[in-house]
Amino acid sequence: MSGNGVIRAAVVGGTGYTGAELLRLLASHPAVRLEVVTSRSEAGREVAELFPNLRGRVALRYEPPDPGRLAACDVVFFATPNGTAMEAAPRLLEAGCRVIDLAADFRLRDPAQWERWYGRPHACPALLEEAVYGLPELHREAIRRARLVANPGCYPTAAALALLPLLEAGVVEPEGLVVDAKSGVSGAGRQAALATQYCEVEGSFKAYAAGGHRHLPEITQTLAQGAGRPVGLTFVPHLVPMVRGIHATCYARLREPAADLQALLEDRYRAEPFVDVLPPGSHPETRSVRGTNLCRLAVHRPPGGHLAVVLAVIDNLVKGAAGQAVQNMNLLFGLEETLGLEGAGPLP
Amino acid sequence: MSGNGVIRAAVVGGTGYTGAELLRLLASHPAVRLEVVTSRSEAGREVAELFPNLRGRVALRYEPPDPGRLAACDVVFFATPNGTAMEAAPRLLEAGCRVIDLAADFRLRDPAQWERWYGRPHACPALLEEAVYGLPELHREAIRRARLVANPGCYPTAAALALLPLLEAGVVEPEGLVVDAKSGVSGAGRQAALATQYCEVEGSFKAYAAGGHRHLPEITQTLAQGAGRPVGLTFVPHLVPMVRGIHATCYARLREPAADLQALLEDRYRAEPFVDVLPPGSHPETRSVRGTNLCRLAVHRPPGGHLAVVLAVIDNLVKGAAGQAVQNMNLLFGLEETLGLEGAGPLP
Amino acid sequence: MSGNGVIRAAVVGGTGYTGAELLRLLASHPAVRLEVVTSRSEAGREVAELFPNLRGRVALRYEPPDPGRLAACDVVFFATPNGTAMEAAPRLLEAGCRVIDLAADFRLRDPAQWERWYGRPHACPALLEEAVYGLPELHREAIRRARLVANPGCYPTAAALALLPLLEAGVVEPEGLVVDAKSGVSGAGRQAALATQYCEVEGSFKAYAAGGHRHLPEITQTLAQGAGRPVGLTFVPHLVPMVRGIHATCYARLREPAADLQALLEDRYRAEPFVDVLPPGSHPETRSVRGTNLCRLAVHRPPGGHLAVVLAVIDNLVKGAAGQAVQNMNLLFGLEETLGLEGAGPLP
Amino acid sequence: MSGNGVIRAAVVGGTGYTGAELLRLLASHPAVRLEVVTSRSEAGREVAELFPNLRGRVALRYEPPDPGRLAACDVVFFATPNGTAMEAAPRLLEAGCRVIDLAADFRLRDPAQWERWYGRPHACPALLEEAVYGLPELHREAIRRARLVANPGCYPTAAALALLPLLEAGVVEPEGLVVDAKSGVSGAGRQAALATQYCEVEGSFKAYAAGGHRHLPEITQTLAQGAGRPVGLTFVPHLVPMVRGIHATCYARLREPAADLQALLEDRYRAEPFVDVLPPGSHPETRSVRGTNLCRLAVHRPPGGHLAVVLAVIDNLVKGAAGQAVQNMNLLFGLEETLGLEGAGPLP
């Protein structure tokens, strides 16, 4: 950190929606000075040209990634495609930077799993061991001491916050879990793809990747940590015609029919600044967390079966990406965990 | 039917979205003449004032319900709130009309169940026995011979078409079924409610009625018929920010891991004009059936669990309501089952 | 036309939204047999893979354009980018085909204007003279006798139908006209562009091309024909976060304050099957014409100024493209003008 | 103001979207303490029950309006239907409160005009003279000295900021002005109305109130002040299927064809913290100001006519209502004008 207590921050790959949201949050963070935003393709353009909401707020231009410029920062965020951070992180860590990767490079502890799901060998498996999975509600103390944080995926954040309390308490079976997850379109990133054209998405709903999604091993890894044993999970993601938001509907077979699930969730998250357990009978709406770092939860026991159902909502770009990254940065630098993440989101 | 082979049709309660869709379909049905459209609240107004798409297509005005005028028709459709058809049906049946109820009055065979879920005693339990549940894919022959058809609910249609083949074949457990269903907003009807205001719904996603939805007993009843034994079902409906469409994501534990689910579905529906089983690996989109009477299905076995997942999409106002009602009418009157239901829907 | 009265039709460039809508309309047109659908990029794929609404309705596969195959058809539709039809049309006309171009190649009568707005010399200026501008409400008789029809643009169709009656009658000034037009996103075509990504468009509204849009000379040319003298027009298009629909709000200074504009519009369009003048005080909605070939109009005189305001709505893919093309085909082949275009659109 | 420099604020009528946005802004305003939120219909309920985004941010419950409780505040905001503030304001002003009315009660200086457009006599015409029209870009110094501020309407804010510079400079004709304005649905308020149901609005576009809208006299009054003489204005509002945002497309005949309109706008707004003139050739998007107090402008001279076109975007709930009210409060209390209004909005 610089002498005056200001954190000098760099964002590598700031042209996607995750990067843009990170820039928005960092630009108004009272302890941060944005120093560098990199992009190969947009080098030279003003950030505000791509993201007009940042006009007058972020004065930087994109620049090509320069290792020296990055290494001079206190923290480097990677908002890049998978596979970029693992190439650059070792040198930055050596230079004394903290690194927060918003992509998937350091999320899976097992390099074989990584290779299986991401289609190439991992570039620095040694760092997989050191990296801390940045879900503060599960690994807060480790994050505080970390150099390298693997910021969780959006679906995994919602699914883990929903199911961890039940699995930790042993009140549900670790087998036969179902996470039926729904995401807004911004989760697909900012790119000129046909499948996410307005006219291909608007007014329609569909599942995708029912044959296997990369977030499956990440969710499974986290839930198994909570359960203290392997878990069996069926995960089906869906695309919702809306911009932001994830809704995870999570089903688990009850082991202890008499368990007070509401109390269990409330106890688990009582001290958490960003997890809000709704009163009994509630149904969280994605709009209630839009633009914020909150996760809102509700638990139900529908008639007709013997399942617990936990409903979880987050903003995929905030608690599911950029906001959680800022929360992790706050932890890394010993700041108030909620700093720069306090505002209420607009509604409607 | 009138001498010239034209079916004289009445629509009771034609001011909702289901009624409007029914009017649209009947107006272009080559064997139907729309005679009467009733509404107490809108009596005297032109149908096209409420539904500008029908300007120049439906020349009728709403009129107050008149038993004699209705009884002079060959078929009377009820697109009314629950509880209306059961009051009026007996007299119409006596007069020789066929009755198709698009509401829930005749869907549950057990009057006690009806009372439990609809909050009042059933007005004509005797007719519950005679009424045929109008899912042609399950009860085609009975429908042909019926006087009174209980048109299925939208969620039940999607869930039944998805799960019946697996349950009939015995390849999945009848316990622990999960139907995670998502509906467009038109399913909530056309009324001045705060919860379905544009600004309350747009850009947001939520579950609702997780504590128990009226379609649960209806789905359970149908699935149990298919399975030949009771089933255990957890049903959670969700609201999607789109106008039309239902997507049911249905989970079932495999009893026979080696079963060829794709072949099973294809065989089951080979002869069905309105059920389309997609090729392996597909994900049906609600927009692909918009404005049509089709149900599109795909089956998956995601990694990580031992569940079969069937994805089903319908247009809630067509196959989930008005279109299925016309299909049932075609069966009742010995017409080609697809008559008036042939067009492809617009896309995008 | 083939001996049995069936029109053999080809669609060149059937992978865009205009092409898909044309395929949908032709597939259910009682006098047409779809013979050929071409696409270089998608050759070999089934049409229904790209457009799942056509599954079971259009059984064709895309094929590379083959002049012989096209020349064997009675009518060839071009749903191609600008510049394609003008290369291929001469040979097809020689072979005796009728040609309907849904792009802009034959819309402007002046080759210099064409070159100015489309950025290259016109390939067959001689045909510009022969081509008939396919706005049936203005050129019906010429279309009946044509070999080559230039199907109008979407904005020009709405603007012309709104303003022609006032200009023809001389009740407004031909100078100082304003067309403030709003279009759904499907008007931008089906392509992997960043600007029309869901997340770039949803929940936002903007003008575009305020510095000059290619439809300006086309609108001006048509209005000048109606006025019998040059007109001065300011045209600003806008992008609406919806899929289909154009709304043109047209402003003109009244020359004759006492003119009965309502009667004038009603008289002008009394016999037109696809133009519907709404009652005084109405505001047409784009959804009222969705999926149909209708144009709906209303005229107002707002307080505070001395302007006539005409509101016009069409479905940009139907009356603004594919539907008008089918209407023109019906005229070319002496069929009932409304054949295959009768259905009411779905609402909501 | 209380001794410690904290402004005690009351919001009368906090159940609409304007009120909710005001609560959101005030809750995070560093110089404000929210004391009272009133609602007759919702008295006793927590604010966060109606607006889940405020859960954990606003702990208040609605209470019935109590004159004494309100009079004990430093500032009272009225986010009520038209006609409420004019009944209550006199007593609050006597008690020494500052009053900011977000409704229309004090916007028109002429009581006869008010009566004509709002359908009843004004309750305190004397205060119309004292009230200051709260458009800081036009009346900043008067607002600083005011007791009673009439917060401008949403359309009038956008139209005035677009056209004032041109009229003040005399480069356009004051006659024949056209404001073609488009608004998101939240402008219609939060109420259980059929016309703003999701399924009535989604996927459709329409004009409304073309026969005369209440914002016409308000816009005219402001523009006439800028022009120093009467103006002639045609104003047509439209409804866009989106939640937030206004886009005003403003047309004016050029008096001085050589005027440098870009420089004129830039000069006029150089010192304004909330007005952003975009570079030449730009098209402002409503999403670029979502959730913020900014107005973004661009000016064009389209070919084909001799008109200047100014494009203006605001968030109707912020610069068009609650944000401008906070800006006015800041001025009233001698605070930094931008206090509590600094954040960038989320995008996408």
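By written order: A, B, C and D. Residues from 1 in each chain.
Methods note: a residue touches a chain if its C-beta (ideal position, glycine included) is under 8 Å from a C-beta of that chain, and two chains touch if they have at least 3 such contacts.
What you see is a predicted model, and the numbers here were worked out from it, not measured in a lab.
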Can you spot which option in B-C, A-D or C-D is basically A-B again, with over half of the contact pairs the same by residue number? C-D
Let me have the rounded angstrom distance from the C-alpha centre of chain C over to the C-alpha centre of chain D, please. 39
For chain A and chain D, let me know how many angstrom lie between their CA-based centres, rounded off. 37
Counting only Cα atoms for the centres, state how far chain A is from chain C in Å. 46
Listed in rising order, chain D residues that touch 2 or more other chains are 17, 186, 190, 199-200, 202-203, 241-244, 284-285, 287-288, 290, 348
Have a look at which chains touch which and call the overall pattern line, ring, star, complete or other. complete
The residues of chain B that touch chain A in their complex are 175-178, 180, 182, 184, 199-200, 202-208, 210-212, 216, 220, 232-236, 238, 240-245, 247, 249, 251, 253, 281, 283-288, 290, 298, 300, 302-307, 309, 311, 313, 348
For the chain A and chain C complex, residues of the former touching the latter: 17, 185-186, 190-194, 196-203, 241-243
Given the complex, residues on chain B that touch chain C span 17, 20-21, 24, 27-28, 51-58, 186, 190, 202-203, 243-244, 276, 284-285, 287-292, 294, 296, 317, 342-348
